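Dropping the structure in here first, questions after.
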Amino acid sequence: MPFAAGTPVVIVNYKAYPGCVGKRALDVTKALERAAAGKRVTLAVAPQAADLLRVSQASSVLVLAQHVDALAPGNGTGSTLAEAVAEAGARGSLVNHAERRLTLADIDATVSRLRALGLASVVCTNNVAATRAAAALRPDFVAVEPPELIGGKVSVTSADPEIVRSSAVAAKEAHAQVRVLCGAGVKTGDDLAAALKLGADGILLASAVTTVADPGAALAELLRGLP
Amino acid sequence: MPFAAGTPVVIVNYKAYPGCVGKRALDVTKALERAAAGKRVTLAVAPQAADLLRVSQASSVLVLAQHVDALAPGNGTGSTLAEAVAEAGARGSLVNHAERRLTLADIDATVSRLRALGLASVVCTNNVAATRAAAALRPDFVAVEPPELIGGKVSVTSADPEIVRSSAVAAKEAHAQVRVLCGAGVKTGDDLAAALKLGADGILLASAVTTVADPGAALAELLRGLP
Amino acid sequence: MPFAAGTPVVIVNYKAYPGCVGKRALDVTKALERAAAGKRVTLAVAPQAADLLRVSQASSVLVLAQHVDALAPGNGTGSTLAEAVAEAGARGSLVNHAERRLTLADIDATVSRLRALGLASVVCTNNVAATRAAAALRPDFVAVEPPELIGGKVSVTSADPEIVRSSAVAAKEAHAQVRVLCGAGVKTGDDLAAALKLGADGILLASAVTTVADPGAALAELLRGLP
Amino acid sequence: MPFAAGTPVVIVNYKAYPGCVGKRALDVTKALERAAAGKRVTLAVAPQAADLLRVSQASSVLVLAQHVDALAPGNGTGSTLAEAVAEAGARGSLVNHAERRLTLADIDATVSRLRALGLASVVCTNNVAATRAAAALRPDFVAVEPPELIGGKVSVTSADPEIVRSSAVAAKEAHAQVRVLCGAGVKTGDDLAAALKLGADGILLASAVTTVADPGAALAELLRGLP
């Protein structure tokens, strides 16, 4: 497991943002790497599949895929194998992101495949019930993000602190070893501090860091919230 | 357009085959490159998104993506942007492969996005009617593959020569500039020769070359069929 | 073919509107039937699958399904067979509506299955290129609806008359017998008159008639536009 | 809740079987009704959406939908509202059948919508982990069916009794009130008896009853296994 126990986790999802594709994916990663240097945080970034190798080769940040398909090697044109992202340097993958929902059967199969390959799994969910269900599949992380708050101005930690608190409790009831992230609107050091205080082990974020002029400064602001 | 006019085209789809992932994608590509050297053929290979950069950086073979999403840069976690595959060295993409069927609206949008970026589009279809419809969207290539023959022992050029002939006619009626490929079961030089004789501009293939012990030898056998 | 040649066509899609489900589907249908009585128009309504029998049994309006699956009888839990909607009184089906996009292969298979059962096919499309492609599959109708105008205040016939005119031309070039509908924002008699004048054979509409207090009056207003 | 506590449950899924569509759906239902008359069992049948009204109007068997969409009334052409199946006489729905897998978010939303409307939810799963996850969403039933055994000759109760036993335990750990069904290959009275003995509350079946010449006799044989 590439994520050290007990260290807060910050995952930055590059989505398909124009500023985070190709060479710019690497530029952003280097800026984030500098901002996190020396801080007690596990920073991970999630570029597109086509950018994984470029980012993993030229930086030392932990790299995750945004999605892998549940299928085993064989047929599957247009899919992304867990084996392929591993060879491209990814140490795990987001699973079931709000922009790439999967069937329950595929979430389960994906988590199992990632586990078998020694890769970390971060299953995204939309509410407490789905968090509890996802945790029952025994992934490494569950990341709860209320869809209506994603990309918004108000952090989930302010807009709906109860979903963070309840998700952390529900997930750990279902699987004691799971870690819980929260996301949606998270931007500031205060938001990160609030997330940790509500019982989360870290945050999953995107636009706050990746659609701004200075991603490094945005991350530095956020990391002010580390304990 | 990276495909020279008037030259037969051979596209090798690496699918998610275990022998064509990661470092092995590059090994296979180098073997295919050697087999095609000096032959009057445009060879293209289609690795997974995560392998595009590795293959394009270290070989001079034309590289295609297996799939790109129709969406423009922005949200779209887990998707593959045309911009991203282009930066990773792809010169075009398969679209609507039998293992990754798309909606009509997305095929249209994908072909348009590829065109706008100067990338080649190869739209896969399953019969003459779908070939006619796909050609009406004005992609660079349509590749007809009867699903029941894919991965099989008998080449489409023997099992159903009429679908190749009729697809070539129908496609060009719908869009005079489109080129037509055929695939499914294609293995030998005779199969390639038959495809060209039936009016196809080349072939799309996978298992015959990528699941054998010696991909280079398999491609060399196939290229015997060049005029 | 249940649609008489040369008669303008008006199809009302009930979607999943609360006012058009269950018993209310029948009430709305009866109101529309009265409004169209004696007019030179072929009126058809498209309720949900679960409401087809109720509506077809108790009214004489032409009934269409909103969707049928491409599959043949056999497995397919949760799908809707063309045979099932036919037994429930439907005389055809919408195919590939903006809210239920299908793969190209499934559009083709669905059109073929409907044709084999003597049912009418109305393939929805989003632009001129997709209209041309859909017409190449030889359905009975293509219905072009620019997605950005669906449910809007301005009729496609005012906002983008060229898409109607060009779709009518492109569709008939691809398949001379196809009829062309347009939709999106269509509300008034003037809109219907404009559609017919632009070369359409009729209109496909929903909210203008089905989300108002008096659907019959709304349809009567619309039918003022008949020649 | 239409399922009486403590009574074994047998749900017959009509899928898209040719012998269970339209008028034949009603014929089969009447035969099953006669076979179950006077037995201590809750029999339910799951016809296609288009057949719900026909079956519910003319029989007194409990009727379930095969699928409902998660969406609330509004847009959603081609979908099946929970409200619509309720008005057509369904008392609940299968959810996430192997032939209609849903995203985790949609399973959760569908179970919630069914519950809000007083309808029973039967969530299908493929293994113990997915059963535990599904039960965490608090549906009325979870029905575990190993996909490789569906439609096969050997009953899950013989081929993999452990999946039945473990699913029953895991589901009730996750949600004490949930009832657990098993399915796949179930055909005989002995299979039903074994299922109940392994901790299941009943069975979900299809082909054994619906693709045979005499569905009533097939069900009668099965009900021999009731305690």
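Each chain carries a letter (A, B, C and D) given by its place in the written order, and its residues are counted from 1.
One rule holds for everything that comes next: a residue touches a chain if its C-beta (ideal position, glycine included) is under 8 Å from a C-beta of that chain, and two chains touch if they have at least 3 such contacts.
Keep in mind that what you see is a predicted model, and the values were worked out from it rather than measured.
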| task | Identify the chains adjacent to both chain C and chain D in the sense defined at the top. | result | none
| query | Which chain maximises the distance between its CA centroid and that of chain B? | reply | D
| remark: In whole angstrom, the CA-centroid distance of chain A from chain D equals 36
| task | Provide the C-alpha centroid distance between chain A and chain C, rounded to the nearest whole angstrom. | result | 43
| note | Separation of the C-alpha centres, chain A versus chain B, in whole Å, is 34
| field | Residue numbers of chain D (touch at least two other chains) | value | none
| Those chain pairs that satisfy the touch definition | A-B, A-D, B-C, C-D
| task | Quick one: which bits of chain D touch chain C in the complex? Just the residue numbers, please. | result | 13, 15-18, 21-23, 46, 48-54, 65-67, 69, 71, 73-81, 83-88, 90, 94, 97-100, 151, 206
| message | Could you list, by residue number, the parts of chain D that touch chain A in their complex? | response | 96, 101-108, 112, 125-127, 129-130, 132-134, 136-138, 174
